[in-house]
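Letters A, B, C and D mark the chains in the order given here, with residues in each chain numbered from 1 onward.
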């Protein structure tokens, strides 16, 4: 998943990147990193640390990141737990000078590229896509960074937003499909900020200027934005990720033309129309389903209640007593409010269902707290296919809906009834201007070709 | 404020205390500590660390806390930033053996006791009440810990819940007024758990057994609870702290006979009756005002909206850009959802108003996000007096309601209208069985005498 | 063992204490601590850390130790590994204000005092003698610190040098036997420094003024030294510890009227007279035996060689390969120079022999490096008795000479011959002015009564 | 300077590397690193940390370095303080698999190579020579690692010993001039160890087998050593660094056919013959000049004394009091023994003189301690030229002898007389078999061409 930020033309570049990362924390909690370039000394600097932004990056780190241009990254946890060597920014020197790069998305030809680069004598430190991109830039025969990066981008397939500094110039690019978001804002103290979500602009007090367009490659220097080149369009319909609206982005973010909270509210209302439920109360699985649950309540007329308390202080690691009992992890995050639930037929609204294990434990907890019936309603369709465009998801085998019917899933979860939002219902909620979306994880309709798979390589799936 | 936990008769005593502290995290974020006693070696052990429980206490710390009896404490931040020397548990050796003690509350004769002890040749390491209590125990001429602690307790005035281990015996006591809560639960794996709130029992899977009664001093050993003595009753009406219901306790906690969420819902409904507002939407200042806001919406019929997003990852310290602008701290914690607020007359419900500075910044933020009117409604009466019974509050001068009229406060906050719940309204919501409460911070009616002040000492005000 | 330092009347008090500790590092490597008093705020401050001084105390610690008076301590490693709670300075508040105390030596009635204090209701945090001393001061009925400390000192038996601050007044005292050294110096930047050894004065550029006399109790304030009281003399002959000259003090220190290096040189020469050896070369066990070995070579005419290299970087903990082989620890500290040793009859001079295990490993290493004969010569008599006056030694059972003849020890060590300096020989080397010494560890002649043992308590044996 | 170690064919490979580094600590104190390869998983692992080996590498680090082959490096402090990114081992993946490399020495065409690689699209993380070597290997068109490394080595100029793992195969090579030492030993538990000095073999209990020859490139696998190729000889006379004997290597190391201590002893004796002095005593600047000083005393008949004590616990950083006075740094490391020096004409023997600033402070200290005359004798010729073959030295400007006569240096240092060992005298001491040496820093006779300088690049000068 991951999130990215950049600042150009502001003497507090690293500090503002820190703020941006902080507001994008929901996009990744494994590690945070910032790289800056200092014109005064011609030196680039980098800090990468594991953990949450506000733990990882301290004032003394910021002090080691001078300069008025910086890129930053927040990393989602990776299966392999590859540690810091897979954290970003990538920072190297090449003949063009110091280069730093952050990447959000997932290349569908990453392993093919890697293989080709290996054969050309490249050295790799990590297993992340970003490193291959930097190699392509360094190996380009182009005369200028503009040309070198253009050439490199033309070799990428799949989903990416990249932010690159070469010396004191900032570059930004977004893949031609437009899978992941990337916005530009104007900082109050001068200079520009780019980020994955508008909530990063807000925290820094930056005014939203525009999106980086699908396929656009821009250069920023001295406060000026110039479009360097446009990558050829690959598909007729752009493919912004609908899952960003469903679950991933923050409710206050403005995305694909909608405020996330409003979109979710609409999903919830539509869900109530499509999938009514014989309940006494509606509760949310806080906080990601709050908007949808309020929408469901509104539409259905069933009163909204706070039946689950979300712990404010969920730590990364737990000391699990041996007598912990099952459902322990869910109990560390959520607490049922007995008096609200007791004796009630409860309609539980959640945003989506992936593996189903957490929901199963939650349902169990609700019943123990006295719910007489549990009706689960999901504000998105069944997730049947893994995402190869930058949202970390389990493999097909682990996706509960990949090979189970709704009835089988209902039985597995132990709920009295189960209802999903229909694909069309979902799309209609966010098609005011006839927008198109990627919905591959729901439908299997992958538009950017899965090159690695076609060439016999494993598909990579992390940022 | 602070929270306390103890476990007796379970080989995972320290681990279960960790869990209990974790669920009481809202009662204090400055420091956490656990002390255990290991019968096998006759040794006591203690760990105290700054920070959140799940950062502070690690698996390796638990490994250094063997034994089947333990007491634990979570510390609220103190003005003086006194560091770890003021963290609990207190752990010492006296002629009765190793003793460990945790305390929640505030003694109103702490400084007088301290002065007397100094004159008797006592040494002090900290400035906390708990240390004086341990001195009183050690200096008692009683022959047994039962007698020594009884004698010590009889010299205390004010609010306290204490949990004490002497060797492998656990003691618990609650002041005769009953200001702070203390509950007993039975652990599924055997043994008993005591804690400030029932949510600590829940996380450990413990079954609620009963409260420790006001004035009760009990001894726990081998799974048996015995009442050692009863302290003389001081006032006719018990004085459970109503502010625990208003703000401090967790919504899922069962307290003074009510579920906190239900009590707050009732406050919210009553507030709507007493203080209607010409609004288009009702929003909560999340999460402490969520229950009251939903109640307000329910009663008033004005729709409930999620107008403010609460950041899930509020860190302790921030790197503040110099260009941060005012209201920076509030922006790190809350983000407005523009599309929800824009063009709306917004009724904002909060639980209580203490200093008013955060609310003022928040109101400003709502207006910048497009709210055309802001009507603030508080689900409790004006806080006019400091608490000397264990809830950290600013001095009188800093309490905005201590010397300002409602109109003056309204003007200060910059809201279009301001409405408080009435004292009677509040009390009637939680008087099903004719319960009585301390309401001193609202009314100035201090029942436990402020001995220190009467004797010319400063009043202490922290746990 | 331990070492102590104090500074009064210099605004860099803590910094100068740091320097003093640094030069006393050989007296203890387990932990270091400094406490200061800041007149400006009336606050005392303390830092205690495990490890070597220059690792433990950092610039930021010094910044937290403002004030122009400070006491400091360096701790020798303790068997029990009691961690920081047994580290010094002790720092408490009593009715006289903030008090800090450091102690070098060992009380022979420590456990009796502790028992009495327990019965009077005292609380203990540690098991060190210093804490009992502070209790005695606080419990004294004396009206002033002068009287309180005098009364406390009169109850102590055994060996002690103490440095105490009460508010901004510095006190110093030395036991009437004079077991441990304590010197006073004048700092170049103003103010006075007190320390265990003159090498601490040297590093700070301080000029030696005089010793604190046995039984003297002084007060220092505003640069003035005043003798508050004199403790009654207990024995006719003072008892400065001869083992400080033999092994413990640093060669450049001036002690008991001698430069340590010169005294050791004399021991070495006398040893050569008493215990000749048929060797080709003389080598030292570096560095503590260097002076004695050079003296032995000088007197015997056998050439001095560097046969053993002492590693400059002996760390605290080692990662021991399972294939380490015996003698591993000795190999980490010393390396033999093969070409020097090979084919030679080697006379090895060491300062003293305590357990014998290190020497045994060393002898083995020398033989493997080609020595044809190994003749061990010790520049002190057999250590037969434990010290109860402040030098950490193993129990009697572990002292190899406590129950073995010289021939048995020789056989155990595997040397070709073994020779000890005679008690008279040792004393004659350092009796220019008819000085008397404690020699109890060699002779069993304990002058300060072993009160604890007499009263049925265990003897404590650490600082 | 730096030191390197490798182990092959022993399941405790990382642990034994740790031991080796520990005994090579004098070759570098800035950082330590180990990389291992684990056949079981096909994974390589690396740990790099700042500081001394025994602080930097802990048991938990070793646990993260599984496998039976490992390479290790110890880094000398660099002017630029480049931090960990310049620490070794270099560890990357290339098409041949995981590769790790450590390097001791200095390439004289490093910057030229780097420039060429940049132009071919290479990315660099650091500024160290080792990274260029790995690039050359990866870019070689050779089919096997044997060929790839041979091709890479053929492009290097200057001084190097390299240890490389590709998968589980260990490679070692030494430049054709033979500037730096590299020895092979057989481990008692099986497998081979390679290291910069024999003292690393000794601590691991390994038996010396042979040197890696100048220009030799070997492969080690399954306990077998095979010579892969021989690099063409560049000069008729090999160029082992004589400064290793003079100062750098440890006294117990066997080097260029001599034990270092014996060589230094001979230098000292020869120095006494060439440069007599009217002294009462001879003292060493401990410990590097100990052997030479004893030799000087032996030859001259002037008695050897311990006039300077070297502090055992010299920390990395100091808290310097503002009143520290000049010569502070020297006082932290050395302490004069007044009684030894006072009233004496002192002959001070040191191994070499580079900048002269430390010696000047030392001379001052000796005079303050009472020395009436100070005669400085150096057991090597004037250092007039910087080393470009792997010994970190100041620039020409900072070398005191580069532009000053002996008399000018004498005056600068403030000594009564000054005498250097002659170049011929030095060489004759270590020419039993007609050995030849590099003496460029004394004579300016650089045999390996300074390619970078010739091509207009800066000369690099660190490992």
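As a convention for this text, a contact is a pair of C-beta atoms (placed from the backbone, for glycine too) under 8 Å apart; a residue touches a chain by one contact, two chains touch by 3 or more.
A quick map from chain label to UniProt name: A, B, C, D = Amidophosphoribosyltransferase.
From a predicted model like this one, the values you see are computed outputs, not experimental measurements.
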Item to complete: Just give me the whole-number Å value for how far the CA centre of chain A lies from that of chain B.
Response: 37
Worksheet entry | Euclidean distance of C-alpha centroids - chain B vs chain D, Å | 62
Fill in: Rounded Å distance between chain A and chain D, as computed from the means of their C-alpha atoms
50
Worksheet item: What is the shape of the graph in which nodes denote protein chains and edges denote touching chain pairs (line, ring, star, complete, other)?
Response: ring
Response to the item:
Chain pairs satisfying touch are A-B, A-D, B-C, C-D
Worksheet item: chain A touches which residues of chain B in the complex?
Response: 12, 15-16, 18-19, 22-23, 25-26, 29, 52-55, 57-59, 62, 187-189, 199, 202-205, 250-252, 254, 259, 261-262, 287, 290-291, 294, 298, 303-306, 309-319, 321-323, 325, 331-332, 335-340
Fill in: Contacting residues of chain C [partner chain B, same complex]
92-95, 118-119, 121-125, 134-135, 138-140
